[in-house]
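You will see chain A twice below: alongside chain B first, and alongside chain C after that.
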Partner chain A sequence: WILAWMGLEINTMAIIPLMAQQHHPRATEATTKYFLTQATAAAMILFASTMNAWTMGDWNINQISHPLATTTVTLALALKIGLAPMHFWLPEVLQGLNLTTGLVLSTWQKLAPFALILQISQNTNPALLTTLGVMSALVGGWGGLNQTQLRKLLAYSSIAHLGWMIIILQFMPALTLLNLTIYITMTSTMFLSLKIMASTKINSLALAWPKTPTLTTLIMLSLLSLGGLPPLTGFMPKWLILQELAKQDLPITATIMAMSALLSLFFYLR
Partner chain B sequence: MALTSARLLTRTVHEKWICAHSLTLRPLVCINKAAFYGEYRRPGQAQDRTPPWKKIRFSFAKGVQGIRKHFGLLKDEAMERWVGPQGRPLIEHMLEQTRVQWEFRGPESLEQWLVSTDREIGGRSEAYLKLGRNDSACMLYGTLCSTPPRDGETCYSGYCTLRSRQLLSSFDRKKNIDWSSFNTLYIRLRGDGRPWMINIAAETYFSHQKDDLYNYFLYTRGGPYWQDVKIPFSKFFLSSRGRIQDNQHPLWLDKVSTIGFTLGDKADGPFQLEIDFIAVCNDRAHTEEFAYEMYKRNPEV
Partner chain C sequence: MLKILIPTLMLIPTTWLTPKSWVWTTTTAQSLAIALLSLTWLKWTSETGWSTSGPYMATDPLSTPLLVLTCWLLPLMILASQNHISPEPINRQRSYITLLILLQTFLIMAFGATEIIMFYIMFEATLIPTLIIITRWGNQTERLNAGTYFLFYTLAGSLPLLVALLMTQKDMGTLSMLIIQHTKPTNLLSWGDKIWWVGCLLAFLVKMPLYGVHLWLPKAHVEAPIAGSMVLAAVLLKLGGYGMMRITIMLDPLTKELAYPFIILALWGIIMTGSICLRQTDLKSLIAYSSVSHMGLVAGGILIQTPWGFTGAIILMIAHGLVSSALFCLANTNYERTHSRTLLLTRGLQMILPLMATWWFIANLANLALPPLPNLMGELAIITSLFSWSPWTIVSTGLGTLITAGYSLYMFLMTQRGPTPLHTISLHPSHTREHLLMAMHLIPVLLLVLKPELMWGVCH
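Right, the complex of A and B next:
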């Protein structure tokens, strides 16, 4: 746990100068908010791991077994990645950054916390994971509804996708990994396309059709894939997750997740 | 005698200990919020040391009214979400190229504005705001006096300002204006030839940014004809507490708080400014991002 915590801190410290590179108060604000949230989460991880080591005598990551320690570390990792209800920092931070740094924040910065989440998945509270997942999916769909800024839209999309990943973690971690991989691919596509078009608002996307028809089509397909529309790739993880939830006798949870996916699809389609 | 001297000595030592410790403990015990946040206090006025709980004026009726008002606003916000951004359909947001943000068409429009002068710091300027003829414009008029107040501290005086109120959503949360679809400020006004300054305040995060404003000049033509002023947002420069900053950056338009007009041209006498409307528009021909060079000061050689 100590080495994992050190890795997370180094990860945070490394991206801070990249975020603050743009000498604008909004970038500094985003950097400060990111640093405060990540430092809090890292401190909570250290606290939980120390508590587990004190009570259970084990520093191993996948041997965390004390209930309070497990809950604390799950919440800390949820804060790290921006799961609801610890998601409030993500849209504001992404809005203050340029598209390249936003891409790194949405993709690369999720890998380390997810590595830890996957390792502790067997010992986490199932009810907590379900709550986090459902809340994230709903918040991601509701929050993204009237967004006109593309970075905030992608932030809420990230929150929703993380909800899908977390909810299936307790039943099939392999699906979480698959969902994460596909999410990273789709999000990278979106961010890089938006960077080529230099657009950060939906108005500029609307005007892009005559200028770059191929890229606009690609963005449209990527958005539909993010929304989980068949037969695009983004549909596959959602379908598999719903199938697994149904097998685990959680039809209500599956229904709520599907409805929230419809909310997300609504603002992607617009 | 010896006992009295010993008692005196002890008391003196004890008093000195209390004095020394109160000096060191004072910053920890009672933090002077006004000094910390740089709040202005009129010279000669005693600091307001009333504790916050003594300033409460409890009224049950007002409380109920407030609850009703704020929950009503919350309900409206939730319903607006289903319509589109800012309660308008998305197609409207996508297609709009102009938006009239403030227009003066009735007495309720004046309530969105605040007028202030150097009277607050002891000066003698006056400014008033009223509706113009046929309720079709607002008129800001008054008299400027640049005589500084005789308080021993203030050196300069003679200003007046008209500033829009901060928009508030439910439960008095700040609401910002999103002008990111536009790039030009469009104002229809009629002045008296005096030079004004337009100030735009954006949402800030750090306490040292609370006085940050983005300014640009507004030169009015005196005369019977209305003047259409179009100022691109790329021309606005950053100032803090009235001082132009070395580190300049463009105004981000997604979180605008207020707009204001300030007159401080050191010319004593009457002034008047009529404003018909304040709008924003998207000038497709204007592609400049920022008008000022951002070169490095003290470059390495």
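Right, the complex of A and C next:
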């Protein structure tokens, strides 16, 4: 665990100067917020692992078994990636960054915590994971409804997708990985296309049609895919996740997740 | 099945590679060839009723008429769109045709699917091209709102369907339609099972549409361009009916009690939407509400689950598909000339466009279910089976027939008879293309009078 913690800290330190590159006050504010949240999360991870080592005598990542320790470490990792109810930093931080850094934040930064999450998945509290997942999906959907800034929109979409990923973790971690991969691909597409068009608000997207019609079509398709419409690829993780949930006799959870996907779809559609 | 799917997909390179002046001709010709090829599906030779062309795609007497209808409509859609698309740059015309072809492919795969999940995916997939057609090529500013309504109504109904289907797969092990018709009836007793039943049906009821959840239909129809309206009215609504027919096989015996509120909604909807039609000022809106009314009859016929009910439902679906599409084409000819859908502004056309008045006459007669047209066959079968289910339904169905006759005649008289307003005297005469379009719509309706067995192979 010590090495994992060190890795996470170095990751945070490395990205801080990248975020602060733009000498805009909002960028600095975003950097500060990010640093604070990530440092808190890392400290909590250290605390949880030490507590586990103290009570169970084990430093191994996937043998963390004391219930308090597992809960703490799950919450800490959730804070790191931005799951509800610890998601409040994500929209503002993302808003303060330029699009490339935002891309890195949304995609690459999620890989490390997810590696840890996957490894501790057997011992985590199922109720906690389900709560985190459902809340994230709902918050991601509701929060994005009133947004016009594209980066905040993508932040809320990230929260919603992470919710989907977490909820299947306890049943089939392979699906979490699949969802993560597909999400990274789709979000990278979105960020890169937005960067090409240099637009950060919904209004500026409306002018995109005369500039690059091909790119606009691609953006539309990838947005619909993010929303999870068949027959686009974005539907596949949602479908498989719902299938697993149904197999585990959790139809209500499945229906709630599906309806929250509708919320996200609404703001993608704009 | 592949004989039809591959030429349809190959239509897409055809549209992009043919030179500019030949695009419309070649696409119409090729889609017409595909439509004629699809008529071969109408020969059912298999014992079990399903003629398979693969483990996942099969046709049976229920899906074949709808498939033929879909394939037949593609050349008609392309014909109808020629005029209003022509001012646009050629690449946009090509992308419009490509969207229509994609929609067609998804529809063929939906009607030919044997796994219910594949049907579901194709059902959802048809939403995307339709959404793009409505929002991108619609005529009014309200089209964005219409597209949103359309998408969200349908999706809100179909996501519970997905969950319900996945639960069924867990319980029964398979969702193949070939197998489900032979499984023993499930024991459905608890509240959760009742919710599962509603979840299965809700998507199709929204799509049909049932009276309570029909708000998306008039919006979508009015805002869509002509090809969008045609395909929406003719085929997409039938997807809902077809899905309902397939799903009710596994929903027994719960349906006997739970179907009551929906049957009542459907019957009440016939009368209500018919009455709205009598007060409409917008021509396309009138035809849209008449669609809701007919589909209410279809829903009633399916929900009571009798053989005659099913037969009547499918006959009415086919006939309504053709006639409704024909009416939309007629409304579009008016719209292209006057750029207005208001009934008051397009009166008295018999003086100016007499041949088109003939088509108006025939289409309206078909709409009000004149014998011996198949519209009447379907309506009569449904009304009879509803009557045998409960004698009180004759009140609403009889009243509904009367009101249908009322607004169809109203539509005819308003557009054709009466004094011609002065501003319409200088309209263009009818194009041959429009006459061809109307003929190709209405001749199959007349031909079906001669051999209705093509449509009701399900139960006889």
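Points worth noting:
As a working rule, the second predicted complex is superposed on the first by the 270 of 270 C-alpha atoms of A that agree within 3 Å, B and C clash if a C-alpha of one lies under 4 Å from a C-alpha of the other, contacts with A are read in each partner's own complex, and residues count from 1 in each chain.
Everything below uses one rule, namely that a contact is a pair of C-beta atoms (placed from the backbone, for glycine too) under 8 Å apart; a residue touches a chain by one contact, two chains touch by 3 or more.
Everything quoted here is computed from the prediction, not taken from an experiment.
After overlaying the two complexes on the shared chain, residue contacts for A:24 are found with chain B alone; chain C is out of touch. Using the contact criterion defined above for the overlaid structures, shared-chain residue A:215 touches neither chain B nor chain C, since it reaches no partner. Legend: residue contacts after superposition of the two complexes on their common chain; A:95 is shown touching chain B, with no touch to chain C. Within the superposed three-chain model, A:118 lies out of touch with both chain B and chain C [touch as defined at top].
Once the two complexes are overlaid on the shared chain, A:243 sits against chain C while remaining clear of chain B.
Of the two partner chains placed around the shared chain by superposition, chain C is the only one that A:265 touches, whereas chain B remains out of contact. Counting contacts as defined above, no chain A residue meets chain B in one complex and chain C in the other. Put simply, chain B touches chain A in their complex at residues 81-82, 84-86, 90, 93-94, 178, 180-181, 204-206, 209, 212, 247, 249, 252, 254.
Contact residues of chain A toward chain C in the complex are 224, 229-232, 235, 239, 242-243, 245-247, 249, 251, 254-255, 258-259, 261-262, 265-266, 269.
The touching residues of chain C, when paired with chain A in their complex, are 106, 120-122, 124-125, 127-128, 148, 151-152, 155-156, 159-160, 162-164, 166-167, 169-170, 192, 196, 199. Every residue of chain A that touches chain B in the complex is listed here, in rising order: 23-26, 28-29, 32-33, 95, 142, 145-149, 201-203, 206, 270.
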